[in-house]
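Labels run A, B, C, D and E following the written order; every chain starts at residue 1.
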Amino acid sequence: MIRATVIGSVWSSRHIDGLPPGAFLEVQPEAGTPIIAFDVLGSGTGEQVLVAQGSVAASWFPGAPPPVDALVIGAIDPASPSTLPGQSKSAA
Amino acid sequence: MIRATVIGSVWSSRHIDGLPPGAFLEVQPEAGTPIIAFDVLGSGTGEQVLVAQGSVAASWFPGAPPPVDALVIGAIDPASPSTLPGQSKSAA
Amino acid sequence: MIRATVIGSVWSSRHIDGLPPGAFLEVQPEAGTPIIAFDVLGSGTGEQVLVAQGSVAASWFPGAPPPVDALVIGAIDPASPSTLPGQSKSAA
Amino acid sequence: MIRATVIGSVWSSRHIDGLPPGAFLEVQPEAGTPIIAFDVLGSGTGEQVLVAQGSVAASWFPGAPPPVDALVIGAIDPASPSTLPGQSKSAA
Amino acid sequence: MIRATVIGSVWSSRHIDGLPPGAFLEVQPEAGTPIIAFDVLGSGTGEQVLVAQGSVAASWFPGAPPPVDALVIGAIDPASPSTLPGQSKSAA
């Protein structure tokens, strides 16, 4: 997964069939170019989120897998340390 | 998914079996080298599109998955903001 | 998919089971390092080809998917424009 | 797989359904940006781990594949040489 | 697939279940950072090998797919040309 920040959303009136209910969010990874991730959590601009990529994003949906290759799987708690070497807290 | 602009198309008279009806479009991502995405929407040069990559592109097709690893899943509405931090519009 | 040029081939006398009949071609993408793509079309050095990557390459083969992650799916017609913005020809 | 060092963990109180028991660890690959890998081994900060990426990470779990695209599959033994050309030790 | 050179191996005494018999080899691609590929051929340090990446690496194994995302599928014959434009030899 990658850590990314929601920076906007895109709309597509003309699209192929099979898209589930949700939003296409534009998210900025920690490095590189923004990507578009599908979101079912109602994430908002500025939020830090966890994004899973590849076919696992599609497999999460029940029924026929939709053609989405990136999915917001959670909001990152603000208290989560960013990348601080030396910490030993474990997540569950 | 990535945001890309259609810049052309490629033709392949000699190809393997199993390709569905549609077009091979050359699309330019926001960064990096152009890729070839399969298109069933009739997208035209200059259009901004959403491209899904990997096996989800093939899984979208009914029947045996064709050997395509990138699919145009929608045209991006011109009104969609590009990457403007601070906006809060949500897409559906 | 990516557009690439065939630049050679590799031979592997000692390999794992499950490889289908065909050739391992070394192909040069438009940018970056050469990759090895499996070819069943008899493509030759210097030809421009379309290469699909990932599990869709393996899924194309009947029966148990072979351990190949890149497949030449077609030769690109010489008349195909490279990356000329402004054209509107559609491929089928 | 890649070799990476655990540098922290992230918490997500608000997340989608289907996440298995375990932790989201932030790991630093040998090059590039940190990624988030799922961990079921209780790996700690500073440990060197092997991370598998893509759908194989999800397929490892029994039942419906969870939406995780990176999994810590093992701790790397401290005695493991890093990248020393010339050695011939084989691992099992 | 990519062409890579075996540069070492890694050991993992503490690992998740489901790993098949074989070795984790550290291999150096033609460009970029070393990756860890699973090997069932007994490849040795200094050998040039073909590595398949992604879920096809796991699908090759019988039974439940193990959590490995890179597999050595063959040794490259020393006679194989590297990347010599102009040659027309075909591999089978």
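By our rule, a residue touches a chain if its C-beta (ideal position, glycine included) is under 8 Å from a C-beta of that chain, and two chains touch if they have at least 3 such contacts.
All figures in this text were calculated on a predicted structure; none of them were measured in a lab.
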**Request:** Please identify each chain that touches subunit D as well as subunit E.
**Result:** none
**Prompt:** Over half of the interface residue numbers used by both subunit B and subunit C, so same, or under half, so different?
**Reply:** different
**Message:** Between subunit A and subunit D, what distance separates the C-alpha centroids? Give it in angstrom.
**Reply:** 19
**Asked** CA centre of subunit C versus CA centre of subunit D: separation in Å?
**Response** 31
**Message:** Give me the residue numbers in subunit C that touch at least two other chains, ranges are fine.
**Reply:** 32, 54-55, 57
**Request:** Select the category (line, ring, star, complete, other) that matches the graph of chains linked by touching.
**Result:** ring
**Fill in**
Around the ring, subunit C then subunit E onward, we get C, E, D, A, B
**Message:** Help me check something: in the complex, which residues belonging to subunit E touch subunit D?
**Reply:** 7-16, 18-19, 21-26, 28, 32-38, 42, 44-46, 54-55, 57-58, 64-70
**Request:** Under the touch definition given earlier, write down the residues of subunit E that touch subunit C in their complex.
**Result:** 1-3, 29-32, 40-41, 50, 52-57, 59-60, 71-77, 79-92
